[in-house]
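Paired with chain B in one complex and with chain C in the other, chain A is shared by the two complexes that follow.
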Partner chain A sequence: MIRVSSDLAARLKKEEGFNAGSCFHCGTCTALCPLGYKILPRKLFREAMLGLGDEVRASIPQIFSCLLCRMCEANCPQGVRIAENMRTLRCLITREDFDLT
Partner chain B sequence: MPIPIAPILGIFADNVRQRGSVLPLSKRTATGWARGLDLPRGGETVLYTGHMYQMVPAIEAMSSQLALLENSFLTRFFGLGRLVNKLVSLSFFMSLVASPKKARRSNQVLRDIVGLLRDAGIEFGYLYEDEFYAGPLLYDNGLDEAFGRHARRVAAHLKKLGVRRLITVDPHTTKMFRRAYPHFVKDFDIEVQNYLEVLAEKHPKAVAPVNGEVVVHDSCVYARYENIAEQPRELLRAAGLAVREPKLAAKSTHCCGGPIESLFPSEAHRISGNRVDQLEAEGKNVVTMCPFCWVNLGKAAGNRLVINDIASTLAACRRKASAGR
Partner chain C sequence: MTNKRRIGVYVCHCGGNISDHVDVKDVARTLAGEADVEVARTHLFACSDASQQEMIDEIKDRKLDGLVIASCSPKLHTFTFRAMAQRAGLNPYQYVHVNLREQCSWVHGGDKAAATAKGINIVRAGVAKCALTHPLTPLRIETQPRVLVVGAGVAGMRAAIALAEMGLSVFVIERENEPGGWTSQVGWMGPDHQHGPEVVAKLLKEVKNHENVVLYTNAELTAKSGHIGDFTVTIRLCGEKDLTLNVGAIVVATGFTPYEPRDGEYGWGLPGVVTLKEFRQLLEEGDGPLTYRGVPVRDVGFIYCVGSRQTESEDCPEPNTHCSRFCCMATAFSGSLLHEHEKKFGRTINQYHLYRDVRTYGRLETVYAKARADGALFLRWDPSDPPRVEQRNGRLAVKVKDTLLGDEELEIGADLVVLATGMVPRKNGALDDVLKIPKSKDGFYNEIHIKLRPVETAIDGVCIAGTSQGPKNLAESVASSLAAVARTGALLKKGYVDLEPLVAKIDTSKCVWCNECLKACPYGAIERVLYGDKEVATVIESSCKGEGACVPICPQDAIVIEGYRDDQIVAMIDASLKETVPA
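Take a look at the complex of A and B:
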């Protein structure tokens, strides 16, 4: 069963740093990532925008292991701010799942 | 079990709230590097270390300890560790096992930066114990509330001291003051320049070649956030060195793994190992520009490479050139 949280999607819309909507899934980011994570960042951003909170939470280790090195972002043909998107997801998780304020 | 993320981030946030830094340093460790340099206290223009080079020995010790703990049953007790850390700073124990040799070398990097700036005719002061950690580990890990509180405290302190311009020495502190502080601190108007930009602006005259070549490892933050890639090359060439580029360089540089050293030590080691292979393909003498790149690549390279910070490399060339005159 997939649970959808309209709340998560709405909160991400409000975050000015989050701009994954223009991603057209070309895979450049995945090909260039020094970590070689296959799900990141395309699948993760799509899950986040759809409000799939459980799926996003299942990727917490990957979200926090992103190097924020911007190798993907510098080469993204759509200008998606991938590193800032990752940081925005970290903000939500530290606040709501880790209760760190 | 992998290193649990929440307690480690909790320790970072607690340390900054209670002790002003993710890895609190004694006054002596933070400012000892400046002993004997006669740097004026404060002023409108100050050299800002952000404690990053001074943290190098403790970071090295901490990451080695965490690497030993990764996937052990002891990771279950990290939550308890956070509670203990609220009472007694655990990072204090890291400084006990830190390498004194590394401390001398990282202090020397800062002393070399001072020498290079003075040679270029730049006047500046230093805040000594009034200088604070800028907060990059909080910001990068999404601890925005804790970061915002800290940034406002640091900015108010700088304002009170009459600081108008910061000369930063590492990529992460540079990025914080330029990119993050203006979002979190209302009317943050302190000018921020990195020392490599300051030196390059002076267009140093080329000295006689010192008969050496170096492989340049760019910091991701300098190259892709701060647009600092050409300046270090210009400075190295002017110092008489031949610059060799690895397969991935400048705007396309490959990360050293440093950003995830504290949460994912084995992944960080894998990435730094990949980078060491790329650098080694071009030569043995490598120049870094970030304290974290220096630590991580150094650990991964062992005796395969000689890795020096760019400030020490430039200072050594200048000394060699002056001795030859």
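Take a look at the complex of A and C:
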């Protein structure tokens, strides 16, 4: 069982531009990824929105390997800004985990 | 062979539906030589325009005085051929329909000889019945241009205004102190941000200002007599004074009752577990940021389908299997209202919508889309494993398996858990005994035909409107209410109504007024009258449906149903027992 963290969810909510709410879980993004990574944007974003920090962090290699090619984004039927969301997650993780300031 | 009657017998092939299994030509040939039959033929499709015209010509040319059509189910074409008989100058009630398709060819495929023999027998029975028919005239009833509307919610008031605009007089009765029903208690409504109390106030103003409408509150319908077009109704005002009104039709818009969760159902009974209506009151009635019992609210869980789409279980022996239609939209819309609140007070409130299937159909889809854009997170649970709500460290903990996260079990901490409770039938008590409107299995009032006659009931002259018929959102409720207005207006503006003459007849010489028929009649169509010095029963023909409960119960054998008289039934049995000798 995973505890939903409303704190992380609330912090993510404050990030302008994170917009995975309209995702309807079709998986087009995953099918189109040219890196063929086992990266599931739909699952990753859902975990992020639920504030599941550990689950999100488990995908750090994939989050930072994303080419930001926007192949997924261009084909998303729900208009989710997938690449932009990836950048938002990178920012959040960089700020909170690596403290590069 | 002497012919008392001149009956035309027409046997239909129904394409091949009948003729593939029954030798229709043989049936016609056999019948052609029998008593009372003037002519017997077959038609490829008796219902086609060409065949009807041929039959009309023959009825006229050969001066037929009876008609037997052996074709499909009478449910399909009784009225087709009654109208045809009328056009041919024959009394429509001297036509008899024989069901040669559903009751013979479709059930006896593979044995043509036996099916043909049976076909001959049932057509013979039809001829025997037809030979004993006599012309009947529909009962023409004058209608009263006044309507009683039961219930002054939005559906009832909207109906009253529309009926008044037709020039009809309208009496609206409301059981409660205040008109307006549930809509007056809901605040903002989706999808177009209308305010419930404002909508009600606008309608109420129109009702009060219209010279044709009279509104009674604290008023209950306690008695009804009469029939379609001319009812006498008794209204009890404030539980003491009785008022008698004469109306031509009744529109019933008594609304619904919100589902009351069982103790412990989704945490019901725990502090912080509220219904959607209570949540909206908390949200809309407070001045500052949302709090519950003094504690600021940071996380809200919404649980959908509470009291709707239930399956039978030990805890729930009588499940509400229906979808309540309005709750997905109303709950998603509440999510957007919560988001507005969040922006207004600059506080983040997380909202988790725990749903089974989102049914925001048609234009309501925009409400769902907006809620998601506004930050509502939708988690889908499976009914085999519903969410559980527990108390933990002074807060609520909702455990749910999110099917979109691979059935991962999540625990969500919440300050409020909002149950989206559905609609259940309203308990109308004595009103049900007065109106006798049939109910469907779910307990709501039932229409005659779900698609083609969606607001009329089995009680002629009584229409149902709004959520008394089943769950509806407000727009649907008003649409059904205006449909009831259209049917009621069509009835009363015409000024008269023709009723089936196939009703009970009482032989006053045999009747001894034992009261049995009165007790058996579900339509209140029997009355006691004095016939000379003798008390006898009489039939209120306009209330009688000809369904016949009084006939076998009568110890004096004094009652017959026109069109199904004893002599006709005996003749049919005799005819169908004749030995079949195909021609």
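Simple rule for what comes next: the second predicted complex is superposed on the first by the 97 of 101 C-alpha atoms of A that agree within 3 Å, B and C clash if a C-alpha of one lies under 4 Å from a C-alpha of the other, contacts with A are read in each partner's own complex, and residues count from 1 in each chain.
Here, a contact is a pair of C-beta atoms (placed from the backbone, for glycine too) under 8 Å apart; a residue touches a chain by one contact, two chains touch by 3 or more.
Model, not experiment: these values are computed from the prediction.
On the superposed three-chain arrangement, identify whether chain B or chain C touches more chain A residues.
B
Applying the document's definition of touch, where does A:31 land relative to chain B and chain C: first, second, both, or neither?
neither
Considering only touches as defined above, state whether A:93 meets chain B (first), chain C (second), both or neither.
Once the two structures are laid over each other on A, A:93 reaches chain B alone.
Applying the document's definition of touch, where does A:61 land relative to chain B and chain C: first, second, both, or neither?
first
Does any part of chain A touch chain B in one structure and chain C in the other, and if so which residues?
On chain A, no residue contacts both chain B in one structure and chain C in the other.
Could you pull out which chain B residues touch chain A in their complex?
Those in contact with chain A are residues 2, 5-6, 9-10, 13, 139-146, 220, 224-225, 251-252, 254-255, 257, 259-260, 263-264, 267, 271, 274.
Give the list of chain A residues in touch with chain C in this complex.
It is residues 1-4, 6, 9-10, 13-14, 19, 21-22, 25, 42-43, 46-47, 49-50 of chain A that touch chain C.
Report the residues of chain C in contact with chain A in the complex, numbered from low to high.
Answer in residue numbers: 298-299, 348, 350, 352, 369, 372-377, 399, 402, 404-406, 408-413.
In their shared complex, at which residues does chain A touch chain B?
Spelled out, the residues of chain A in touch with chain B are 34-35, 60-61, 64-65, 67-71, 73-74, 87-95, 97-98, 100-101.
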